[in-house]
Amino acid sequence: MKKLFFMVFLIFSISAFAADTIKIGAIFDFTGGTADVGKPYAEGVKDCVRWFNEKGGINGKKIELFDVDYSYKVPNALAAYKDFKMKGVVAIHGWGTADTEALTKFVAQDKIPYLSASYSEHLADGKKTPYNFFVGASYSDQTEAALQFIKDNKGKTVAFIYNDTGFGRSPFFPDGENAAKKLGIQLVDKQVVDLKALDATAQMLNLKKSGAEYAIVQETYMATSTILKDAKKNGLTTKFIGLNWTFDRPLIKLAGDAANGFYGVSPFAFWSDTDVEGIKFLRELNKKYHPDVHEREINYIQGFSSMYVLLSAIKNVKGPITGESIKHSLESMRDFSTMGLTPPVTFTPDIHKGVRAARIYQIQNGQIKPVSKVITLQ
Amino acid sequence: MSALLEVKNIYLSFGGIMAVAGVSFKVNKGEIFSIIGPNGAGKTSVLNVVTGIYKPKRGKILFEDTDITNLPVKKRAKLGLVRTFQNLELFKGMTVLDNLMLSRHIFMNYGLISSIFYFGKALKEEVKNREFVEDVIDFLDLSAVRKKYVFELSYGIQKRVELARALCLQPKLLMLDEPMAGMNTEETEDMARYIIDINEEMGITIILIEHDMNVVMDLSHRVVALDFGEKICEGKPEEVANDERVLSAYLGEEKWV
Amino acid sequence: MLSIKNIEVVYNDVILVLKGLSLEVQEGNIVCLLGSNGAGKTTTLKAISGLLRPDNGDITDGEILFMGTRIDRKDAAEIVKMGIFQVMEGRRVFKDLTVEENLIAGGYTRTKGEISEGIEKVYTYFPRLKERRKQLAGYMSGGEQQMLAIGRSLMAKPKLILMDEPSLGLSPLLVKEIFKIIKQLNEIEKTSILLVEQNANMALSFSHRGYIMENGRIVLDGDRDYLLANDDVKEFYLGVSSGKKSFRDVKHYRRRKRWLS
Amino acid sequence: MEFLTQIIIAGIVIGSIYSLVALGFTLIYKSTGIVNFAQGELLLVGAYVCLHLTVSYQIPFIFSFLITLIFMFFFGFLIERVFLRRMIGEPIISIIMLTIGLSSLLKSIVQIIWGTDTRTFPKIFSHEPVKIGFLNISMVYIFALISIAIFLGIFSYFFKTTKTGVAMRAVASDQQAALSMGIDVRRIFALSWAIAAIVSTVGGVLLGNINGINTSLSQFGLKVFPVVILGGLDSIIGAIVGGIIIGVLENIVGGYIDPLVGGGAKEVFPFVAMIIILLIKPYGLFGTVKVEKV
Amino acid sequence: MNYVNCGNFKTSYAKDAAIYKTVFSKISIYSFLILMLLVPFYANSYILYILNMIFISSIAAVGLNILTGFTGLISLGHGAFIGVGAFATGYLALNYGMNFYFVIPLAALITAIIGIIFGLPSLRLKDLYLSIATLAAQFILEFIFIRAESFTGGVNGMPVAYPTIFGIEINNDFRFYFFAYSFAIVMITIGKNILRTKIGRAFISVRDNYIAAEAMGVDIFKYKLLSFGISSFYAGVAGSLWAYYVQFITPEHFTITVSIQYLSMIIIGGLGSVLGSIFGTIFMVILPEMLRHLVDLLSGVAPFLKQIFPAIREAFYGIVIILFLLFEPEGLARRWNLIKAYWKLWPFSY
């Protein structure tokens, strides 16, 4: 028993040893339930760190990234967190909803800024969750943008399609419902489609009965593809708008023809948006770092821009780099440009969602095309 | 002598095959009563009906003049109806001691709470029953294997442990299903001795199912013979041994060549 | 054709069941093996047919020869192919297979042509099976099941059939019928048979030779007439006392110690 | 009425894929007594192999499908040989855990080889639905139904008339007796794994064509339990009927109850149904009732 | 601890039934327990976190072992029962502001009741059928966690406040260590006690031979339910501690994966052994962390390791389970006993 502890101690203390660097922890999902989107995201984050380090780091200090695959399991995330803490990280880049929420109190207590890819509205309140940040429009905001788009196109009725998890319900209840009311769009139907659903005939037929003109979808690629295919099969005329996790090339691969005409809300630029400065830059960067990769998922861009914001904030810290100082630096960001990868990023002490704008895209003949201006929310 | 157990005209069938067809007999207090018959004659089935593992299709079982035909198995042990099994049915993952202590289960009167803290009543009851168990261990000469796990023991010893387990339940009627099966002469002699002692010293009534005719003839006060689920003969050992129908059941009806 | 020499069988590495058992079956003979419950008769059959291992049993000593070849280390499947077939105790027909499917399974080691040939032959022995060829075996009576079990053994065209208590649970009339068929098989098909029985007299009267075993050993053997005439045989089963020491007279000792190991 | 018919048809189709996977489960359980928690992973491996052959080697789908079946046949065989053979006669919990361990092993091997992103089959079936009356049915679904029918045909022929098929049923019915007639029980065990791997693969490839594959597809393995409990663990016909019933019921619940409770009932319903079935009919619709003997 | 030093006689049955058979083992156990109290003064929060996880998980593992290892009822729903304990804790603490010394027993009791309800099918079901029924329990409970929003906060989960004792907030790993440690000791001692009395024997009898058990007058149904109850009680305590430790719970914490994880703990540790449950827990909690650090160390030498490591880790997990089942089916507890037996007679081990 004692021997065992000694061994544990030994191994842990060796790995804790490092030079004078800026330590950042990262919790990724490579193997768990969200690995399909988690992996490109992680690559984006890592590339960003690599790029910063090649530019000479931050104020001469290299960034040391401790990354952990937590397989979408909360206890793993917790273990990783404690490990990070021991290693003395100053900020953490996290991933999903469940783990982010599980760590919320800890990061607040330990004063470690925590960026994540969970865009739930309740993680955006600087008072309640003072150390949680995300770079992106919250799901609620995305929904509002979608509703705005519907209104602009003279739509009158809408339905919500979601999965029965925190992630799925977060955009609609209550924010999405309220926003619809505010904009005078009638909410006519709610349908639940499981993330792993293979068939959504029943839901689509119910949706058909409701006669909704538009339906906002909060799912991941697989379920979205099921929805679109079954909608097509059953001859629905409803127009579908998906939030950011539903919408990119993998969907086109999965759903084929059925993906045509599908709208997506995105606070991020797509790989195909070659007129965006950041995309041009990323294409160059990938040529250099990954010569055999020619295309990137939106998740890569997400990961990159999120880390870009964090590192830039660290760069702007005056004085010693601590969790607290990074938090202040983040909270003083105003209209920070991410080279166009996202609309300008603003954090305030109260609002910890970096982006309050999004654009509507549409899949047309297998291509992703922007169909609206950037919709900025108040 | 009054009847301790009365089996009245019981019928039992499995998937259309009659295992027991109208068997009746009485077991008197204090006797060793044997059931004999060729394989498949329905001996064990009768025992299973008496212990309640099978419900008879028809007929009644009376124990000390109360009808127990529909009494659940677990309640019969409390009345004092206890059995051993043909193919050892011990708790293999427990020590001999624990096997026997388990039999004292129904005599231990304490609840979860005192069990959690293992003091007061629980401790007192455990010790009290342990004393009883030790008496049985002593009686059957099991002290050397007390702390051994059952699966480590030889077949003969396991048989004895099973007997000990039954005794720990303080039975009024002890039913032994082939206690000698698979034993060598020495072990058989020991077992026979134990059975006699149990009967004579402890005054426990015994129903014995056994294939070894020597044992049956020597030990029993009365014998009933079954064949094809029917009773073919009942009486003193000598009477049964010389009964025509019994002879034919064992040796075949006639000599065909 | 079959000779067992001094075999020892152990179950679960502990329990010694056969303790140096030897017996022999001559070509064309019916040999019966008698003995009380737990004497090790079934174990003997399983040792021959290679069915011990699935029961955690093992032959630890001695050897079994069949037509001059050692078979005590062979697989059950190989042994069947060599021509030994065991009809297991309690019939063990495949209850959710039809009669004909049972027969097909019995002929597993034969070719397709031989199987259909075999089925026809079985039907000539047991016309009753032909009537019920499409019926599920589980729904047949005990006697019919026993017929099927024997018929199934014919399918493999064995040289030696090991039969474990064919009379078990059958009415006297049926027992008689079954034994007659066994006799026929032996005479017409020239199949040797090793028969395990409790029904001693009946079994003996059909056999050429008999062995009586107790506690894993052979205690008596001889040809039919010898055994039938032997008083011990009768006594062995009914124990009509003839000067033997009664179990009631066995003395016993008891220690009175109270040590907790 | 049209609504009901639509969801029933959709239920039948999804249910028939449940049936296929359940069939594999039942085959293994029936002949070897092993409860396979890795059924979903067999499906996964099969789907990925087929995809790999089709995409990377540009083999026409029908051939790559056949090659996959052959490959999976040996793969199932191998799994039995390497892992399960030693477990014969072990307590049920060990077997359950072994197959669980196997499932995480297989899944990670798939991840090591093919990664985690969702992959899709090239367009093999037209995405245009077929119209039959007022019903719209996808081509994949029709193909699923047909292939299930074909498999049923092959199976009933195999199990009814071939020697090996009969032997497999014999082993399922009474292992010792089967052994006594010279049936090589161990070969039969391996064979049943091989066949189970094949049927799961068919399920996996069909699913892959419906909606692409990633590792979460293996969750399908758990769906099998309500199906086999309903049909009876050891009944082939039960697996088929059970699959279709569960598929249909699931969709009816999805269509009528989900809107009332706000969703999710469709997913949990099979398990609720399962408990009810277990309590009323513990051995399912067609399962063999076990009699305890002392 | 079945090995008894020679030359050691007991004069009463009570002493013979004691947990520690010799003075030596008693002293060494107590001194180990006291030594453990010193650990937090030297360890950092990461190590403390791992130890805390071991304490919490070992409580749940002992509970599962009581049900599965001792009573022979395989449960695939333990994770969900832990969830019941956690949500009950959250609900009671949040809505009634109760302190933990009311909340934890109450939450555990609620879990026990739920456990008994889901144990009811054991009246009719055995073996495999029962374990499939517990699988259903897992999914049904997960559904309820999500749907019963007013109790569980639904998918958004619920925050849980720190427990306080004598005005001290147990708000860090250091303090929580003592909190969890004392619970672990109490629960494990209780488990040991239950298992050495008539209840424990009845459990084993149900597992080993329920027909004989019934013939011995054991009410097997009652004991199956009791086993479900006690096992869930343990799960409840563990869930409650988890809730207090993590301070935020969502349904996603209590999935089937958790149930399987616990099953593998007791398999690896040893079914039917309290000590085994603890060993299994230690093994399963430390294994992934060790692997991770190992790969971190090695990735300097072979960077590709880092790339495929996540998948390898899962494979490793599967392989460990399989190897244990194939080569050490009785788990670490047996190995421990063998080692102990060896050392007891050392250096004269003949």
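Letters are used for the chains, namely A, B, C, D and E, taken in the order the chains are written, and counting of residues starts over at 1 for each.
We adopt the following convention: contacts are C-beta pairs under 8 Å (C-beta built on N, C-alpha and C of every residue); 3 or more make two chains touch, one makes a residue touch a chain.
Every value quoted in this text rests on a predicted model; they were computed, and no experiment measured them.
Student: Starting at chain B, figure out the least number of steps needed to reach chain C through touching chains.
Tutor: When the steps are counted carefully, the minimum from chain B to chain C is 1.
Student: If you tally the C-beta contacts, which comes out ahead, D-E or C-D?
Tutor: Spelling it out, more C-beta pairs touch across D-E than across the other pair.
Student: Greatest Cα-centroid separation from chain C: which chain?
Tutor: Comparing chain centres, A lies farthest from chain C.
Student: Measuring centre to centre with CA averages, how many angstrom lie between chain B and chain E?
Tutor: 41
Student: Can you compute the centre-to-centre distance for chain A and chain D, using the mean CA position of each chain? Integer Å is fine.
Tutor: Roughly 36 Å, centre to centre.
Student: Where in chain C do residues touch two or more of the other chains?
Tutor: As it turns out, chain C has residues touching two or more other chains at 259-261.
Student: In chain E, which residues are in touch with two or more of the other chains?
Tutor: 4, 13, 16, 146, 211, 310-311, 313-314
Student: Can you pull out the residues of chain D that are in contact with at least two other chains?
Tutor: 108, 111, 262, 264, 267, 294
Student: What part of chain A is in contact with chain D in the complex they form?
Tutor: Touching chain D: residues 30-31, 33, 35-36, 38-40, 164, 190-194, 196, 198-199, 201-203, 205-206, 209, 221-222, 225-226, 229, 232-235, 250, 253-254, 256-258 of chain A.
Student: Inside the complex, what are the residues of chain B that reach chain E?
Tutor: So the residues of chain B in touch with chain E come to 51, 53, 73-78, 82-83, 85, 89-95, 98, 101-106, 108, 110, 112, 115-118, 122-123, 125-127, 130-131, 134, 147, 165, 169.
Student: Touching residues of chain D toward chain C in the complex: what are they?
Tutor: Touch list, chain D to chain C: 160, 163, 166-167, 169-170, 173-185, 288.
Student: Please give the residue numbers of chain B that touch chain C in the complex, ascending.
Tutor: Residues in contact with chain C: 16-17, 38-40, 134, 138-139, 141, 143-144, 146-147, 154-155, 178, 181-185, 188-190, 192-193, 196-197, 211-219, 228, 241-242, 246-247, 250-253, 255-257.
Student: Can you list the chain D residues touching chain E in their complex?
Tutor: It is residues 35, 83, 86-87, 90, 92-94, 96-98, 100-109, 111-112, 222, 225-226, 229, 233, 261-262, 264-265, 267-268, 271-272, 274-275, 278-279, 282, 292, 294 of chain D that touch chain E.
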